[in-house]
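Right, I'll just put the structure down here and ask away after.
Chain lettering (A, B, C and D) follows the sequence in which the chains are written, and residue indices restart at 1 in each chain.
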Amino acid sequence: MRIRPIERRDIDGLQSLAWQTGVGFTSLPDNRDFLAAKIEHAVSAFEERSAIDDRLYFFVLEDDATGELAGCCAIEAQVGREVPFYNYRLGTLAHSSVQLDLHRTIDTLFLSSDHTGDAEVCSLYLRPEYRRDRNGALLSKARWLFIAEFRDRFPDKVLAEMRGRFDENGTSAFWHCLGSHFFPMDFNEADRLTGLGQKSFIGELMPKFPIYTPFLSEEARACIGAVHEHTRPALEMLKKEGLRWEGYIDIFDGGPTVEAYIDDVRAVRDSARYPVKLDDAAPQGERPTWLVATSGMRDFRAAWIGRGPGADGMLTLTSDEARRLGVGEGDTLRLLET
Amino acid sequence: MLVVRPVQPRDLPALERLAGSATPRLTNLPAHRDRLEERIARSTRALAREVDFPGDEAYTFVLEDLDLDEVVGTASIRAQAGAQDAYYTYRQETLIHASQQLNVRREVQTLSLSHETSETTLLCALSLDARYKGTSAESLLRRARLMFIAQYPERFASLLAVAFPGYLDAQGESPFWNSVGRHFFARGFQEINLLAGVRSKSFIAEVMPQFPLYLPLLTPQARAAIGREHPDHEGALEEMLAEGFVRSRHVDIFDAGPVVRGERDRLQSVRQASWHPVRLRPGHVLPDAEPALIANQQLGGFRCLVARYALSPTGQLMLSPEHAALLGVEEGRAVLAAPLALPAVMDEVDEGDA
Amino acid sequence: MLVVRPVQPRDLPALERLAGSATPRLTNLPAHRDRLEERIARSTRALAREVDFPGDEAYTFVLEDLDLDEVVGTASIRAQAGAQDAYYTYRQETLIHASQQLNVRREVQTLSLSHETSETTLLCALSLDARYKGTSAESLLRRARLMFIAQYPERFASLLAVAFPGYLDAQGESPFWNSVGRHFFARGFQEINLLAGVRSKSFIAEVMPQFPLYLPLLTPQARAAIGREHPDHEGALEEMLAEGFVRSRHVDIFDAGPVVRGERDRLQSVRQASWHPVRLRPGHVLPDAEPALIANQQLGGFRCLVARYALSPTGQLMLSPEHAALLGVEEGRAVLAAPLALPAVMDEVDEGDA
Amino acid sequence: MRIRPIERRDIDGLQSLAWQTGVGFTSLPDNRDFLAAKIEHAVSAFEERSAIDDRLYFFVLEDDATGELAGCCAIEAQVGREVPFYNYRLGTLAHSSVQLDLHRTIDTLFLSSDHTGDAEVCSLYLRPEYRRDRNGALLSKARWLFIAEFRDRFPDKVLAEMRGRFDENGTSAFWHCLGSHFFPMDFNEADRLTGLGQKSFIGELMPKFPIYTPFLSEEARACIGAVHEHTRPALEMLKKEGLRWEGYIDIFDGGPTVEAYIDDVRAVRDSARYPVKLDDAAPQGERPTWLVATSGMRDFRAAWIGRGPGADGMLTLTSDEARRLGVGEGDTLRLLET
C-alpha cells in the first residue's frame, strides 16, 4: 500500500470511490465532471503550476499489488481564498452591572472567516475492505510528512473540520434549532451544495448578528463542538498530533474545527530525514510503526516500512519497499515513528 | 362625585394601596414607600416649576371619590420618557436575507434594543381601584392626562407614548422574560420587575444583550407574547387606540407588552376639545346631553371630571354649582371640554414608524 | 408649452441624453440603453395593469416642450421602493453610553444599515435639461408626480420618500464613500454608482458592513456629508420640504444624501388639490390668477401642465382651448388643480421617526 | 537573590517599590491601603484560604544578603471572575458577492471576554539597580515553576498583557483614534482606574458593536498587537516559553495579549523534579543557567543555582544555596535549565 498524488488516469477509480462514499461525504460527489475538475486542480497543484494559495493536494492510497484505489485524502493549501470560508466562533461576552451586583458571561456564536488563508486537511476516505493494517493512519499521517517536506508551501496554521453530532434518525439538533430557520432546504441539501463548493448562499442567508447560545435548545447547545460518533477516531488521531478545538464550529452541524500551528504538529515537528540503503535481509517489524515519505512533489510517495533507522543513521529498505516508494540507495526519506 | 387632581403628600397611603393592588404589578409604580414619596415630591416640584420645554418632570394625578372621601386611582405623565435615564424598548425589525444563488428571499424578524422612545411623553403608572373598572371613572382617570397635556404644549413632547403591561400566564410568569431576560439575569420576572421599579430600568437594559435577537430562536410562547397586552388591559388598550394612538414596532424589554404612540394633535381628546365659558344652572334643570371630560385651566389646581356636555345656544357650558365648585370656576370662566365617547377603533401599525 | 406625460418608446434617445446629462449622475437613472428601454417598458406595463395595492410598478414621465417638439426632462415613481430588492439606507441612530461609576452619559452616533424605506413610494430619477432649471418647468416635472399619485391612492403607499443626491466635492468624489464604502469595495464612487445603476443596488448593500458604524471613526469630511444634498439639488430639496416632506434619519448608503419622507395626505399638492369642471375660454380673455398645476383624470393618458388658476364664481376652471386640448379634456370634464406656490419651508426632522 | 511569597511585613518594601515604579505601572499604585489589601489577598491565596478561582499569587524578589526587596511579580489564578475582563479580538469577516465578483476579508475588532477563567502572569517589576545577573529572568520564570508545581490550582490557559505602542510624546495612536471617542478622560486616567480594579466604566462606555479596522487611522492600525519598545524584551522572553499572540489586544492601547496552554509552556513542560544532596565543594557555573524552585506553597522559594543534575540523578547544592531555598538533603526541587 502506498500514498501517491492523484493522476488523470485515476478518474475511474476516483468515481468508484465517490460512488462508495455515499451520502454524507460531500466533498466527493458521484459526478464525473466534478471529479475530473478536482483531479485537474490537484494535478496543477502537484506540478506547481497554480498559485501557492490555490492548491489542492489530493492523494490516493493505492494497493500496489493490484493497482486499485483503496482510499484518498487531501490538503487544501489555503482555505477561503476563492470562496469565503465561514465558521461560527464560540466567544464569551461579559454581562455585568455593579448596580445589580451581577456578573455573568454569556457564550455567543460569532460568524467568522478567521481561518481564511489556513491550510486544511480533508477528504479522507478509506474503503471498508482496506480498514486494516493501519491504512487509515497512513492516509491521515502521510499528509503531515508532505507538509513537513514542503513546509514553505504552507501557511502558519492547519485545520480540520469534523462532522458534528447527529441523533439516531440522522438529524442534527444544531441544524434543527438554528440553520433550519435561515436556510430554505434540508441539512443534506445544504451540505451537498457546500461540498460542491457552491457556498455563496451561506453568506447570503446566514444570520449575521451573533447568536447568544442560551437561546438555543439544550440539544443544540450539546452539539457545539461535539463530533459524530464515526468521526471520533479521526478526531483522536488529530488530537494526538496536537490539533485542538479553539471554539470554531461548523455553520450547519456545530461540529468542531480543530487546528494547530503547523510547526507544532507532532508529526511535522518529530519527523526527520534519513539516507537510504538497501538490504533485502532487513528485519521486518510486526506492526506498522515507521512511516516514510519521499522528498519529491510530483512523485511523492508514502508508505509503512518494517524498521526504524539504524545506529549508523541510515534507513534500510528492502527492494520491495524501495520499489513501492520509487527510491534507491543514497536517496533521502522523511521518517516518522508512530 | 369623582374628580382627577394632582397628587398631594397626604395621598401617600392611598398611593401605596393602589401600587400594591395593580394587576399586574407595574414596573413604574412600585409599592415602595420611599419611591412613592419621591413621586409625590417630584410631581409637586414639576407643577411649581416654570417649564419651557419637556424635561425630567413627572406629573402624578389621583382620582378621588368625594362621596367616599377616598382616593381610588392614580396615573402619571413623564414629560420626557428618557429624560433621566434612557427609556429602552425592543424594536421589532425585519431583515431581508436574499440569495441570488438559490433565488430565494427570506424575511427574518429580530428585536433590537432601542431608546427611540426616550424623547416621547409617556403616560404611565395607572392603577384604579377594582370597583371602578369598566365605568366612566376609568376613562376619566386615563384621559384626564390628555386634558392636562392639551393645555400645556410647552411642557410635553408632540409625540405621546403609552406602554401597556405585557402578557403574563396564569402563574404570573412572563413567557417573554423566561425566554429572553432570564438568560441574562437568572432572576424571575416579578423579581426583576420589582427591582427595576425600585431602582432603575435603564441600568438593567444595559446588561441586556446588545446584538439583535432573532425571533425564530425564541420559544413559541415568547413569540406569541410580543406586542400582546396583559388580559386586564385589553379595554384600556382599545380605548387608547380609539383615542388615536397607534401600535408601534416597540415593545417592553421585560414582558414585550405593546408600546402605542400618538401625535398629540391627532388625538381625539385633543382634537375634539373646546373652550367654553361656564354658565351655572341648577343640576336638576340641566338638559340631557352626552357625557364629556371637563377640565379647568389651573396648572397646580388642575381638576378634571365627567359631566354632561350641555351647551347653551351661544356655546356656554351649563354646569351645576357643585361641578363648578369642584372645578374651582365661577360663571364666565372658560373650561376645556371633550366628548367622553370615542370613534370606533382603528387598530393599525404606525406607518411613520415602518 | 410644456406638458408632463407618461414616457413612450420613442422617448428613448431623449432619455439617454437626460441620463447622461444629469448632475450628478444618478444611480437610478444610468445612461445605459438597455436599462432605459426596460424602464420605458416597465412604465408602460405599470399603466396597463390593474393595480389594487402598490407592488413593483415603476412609472416614468417625461416633460415635453411642444414649441421645440423636444423631451426636456424625465422623472419616475417607484410604487414600492423595495418591491424587487430591498431598498437599503443608513439610519442615523444615537446610542447612549452611561457610566454610573464616572457619573457621565455620552451619546454616540451610529449609522445602521436599514431597509425600512422599502415600503414607501419613491420619487426618483429626475433629470431636467439645464435650460429649464429654476423655471416653473422644474416644479411641474417634480410635482406632476404628486398630481398623479393623488388620483390613484391604491397604486401607491401612503408614505412617500425622495432620496436626494448627496454631497460630492469639486472632483466629483464622495467624501462619504471614500470613508465608508471604499474600504469594502476598493472602487471609486462613480464606478460603484454606475455599477449599482446598471445592475442592482441591493446586492451591493449586502456586502456593506452589517454592524452599525460609529460616526466618530469616520473622517470629518464624511461626517459633514451625512444628510447633505448635492449643491445642484439644494433648490429641489427646499421645494420638497415646502411640499411637506420632512428630513428623516435615513441617508443614502453610497453618498449619504438625505432621504426625505412625507405622508401623502399631508403634502401641500395633495391637500390643496381640488377638482374643477373645465370651462373653455379664449386665452386672451382669461383673468389674471396665480399659476397652478393642472392634471387630467386619465391613467395612461395622464397629462399635467402649468396654467392660471382662474376660477369662475361657481368654481369652474377656465382653460384656454390649447391647454384643454393638451390635457385632452372638453368643457364640463373635471381636472385636478393645485397652486404652484408653496408655503415657506419648515425644515425639521420627522419626529415619528425619532 | 531569591523569590518568595509576599508577606504582611513586606508592606514598607512594597510601598517603596510602588513609589519607584512611577506612572505607567498601574497595578502597583503608591497607595498604602491598596497595597495592604493586595498583600492580604496574596496571603490568603498562599495559605489556600480563598477560593481557587480568586487567588492572586504575589511574589517578591528578595536580596537575601540585605533583606531588601528588589522586585516583584504575580500570577492571577483566574481573570474575569470578580470583575469582567475585556479585550478586543481581531477577527476576520468575509465580505463577498458572486454578482460583484468580489471577495474580501475585513479585519474587525470584536469586544470579548474570552479569557474569563484563564490565568495571568503580571505585575513584574525589577529595581534598576538589580537589573543584572539574570534577575529579570528569575522573576519571570519562577512563576512557571510555581505553576508547574501547583498545576492543579490553575486552568488550561495562561496569558500576559503587554503594554502597547506609544509615540515619542507618550501618546497612543490607538487610544487617540478609538478610546478617546468613548471615554471622557485621558489615557493615563483610564489606565489608572483599570489598575485600581475599577473597571466597570469600561463595560459601561466602550463600543459594543464590532469595529471595522479600516475605519481606524493608519497609525492606530499599526498599534494593533504592537508592543512598547520597553516591553519588547519581556515579550521575547514569553515568546520563548511558547506564548503567542492570538489576536487579542488591550482595549485602550491595542497592545497584544499573549497566551498559551499551560501544559505547552516550555518551562512547565521541560522542568523536572530532582532530589537534593549537599556538597560545599560543588562546582559553580559562571552564568546563571539552572533555575530551581521548592515544592511548598507558603514557603515557596526559587533561585538560580550553580549547576545541573549529576549523573546520579541528584541535584547538588552548596549550603548557601540550600539555606537560600530553605531545603535540606533529601528534599525535592523542581529544576529548569534555561
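One rule holds in what follows: a contact is a pair of C-beta atoms (placed from the backbone, for glycine too) under 8 Å apart; a residue touches a chain by one contact, two chains touch by 3 or more.
Keep in mind it's a predicted model, so treat the numbers as computed, not measured.
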Pair joined by the larger number of C-beta contacts - A-B, B-D: A-B
Label of the chain whose CA centroid is most distant from the centroid of chain B: A
Whole-Å separation of chain centres (CA-atom averages), chain B against chain C: 39
Between chain D and chain A, distance of the C-alpha-averaged centres to the nearest whole Å: 37
Chain A and chain B, separation of their C-alpha mean positions in angstrom: 62
Centroid spacing, where centroids are CA-atom means, of chain B and chain D in whole angstrom: 56
Sequence positions of chain D contacting 2 or more other chains: 96-99, 200, 204, 209
Shared-contact residues (touching 2 or more other chains) in chain B: 98, 100-101, 203, 206, 211
Interfacial residue positions of chain B with respect to chain D in the complex: 100-101, 206, 210-211
Interfacial residue positions of chain C with respect to chain B in the complex: 85-86, 94-96, 98, 100, 115-116, 118-120, 157-159, 202-203, 206, 261, 263, 350-354
In the complex, chain D residues that touch chain A: 80, 82-86, 89, 91-94, 96-98, 103, 105, 110-114, 116, 200, 203, 244, 247, 261, 264
Complex contacts: residues of chain C adjacent to chain D: 97-102, 104, 106, 108, 110, 179, 183-186, 195, 199-200, 203-204, 206-207, 209, 211-214, 216-218
Contact set on chain D toward chain B in their complex: 98-99, 204, 208-209
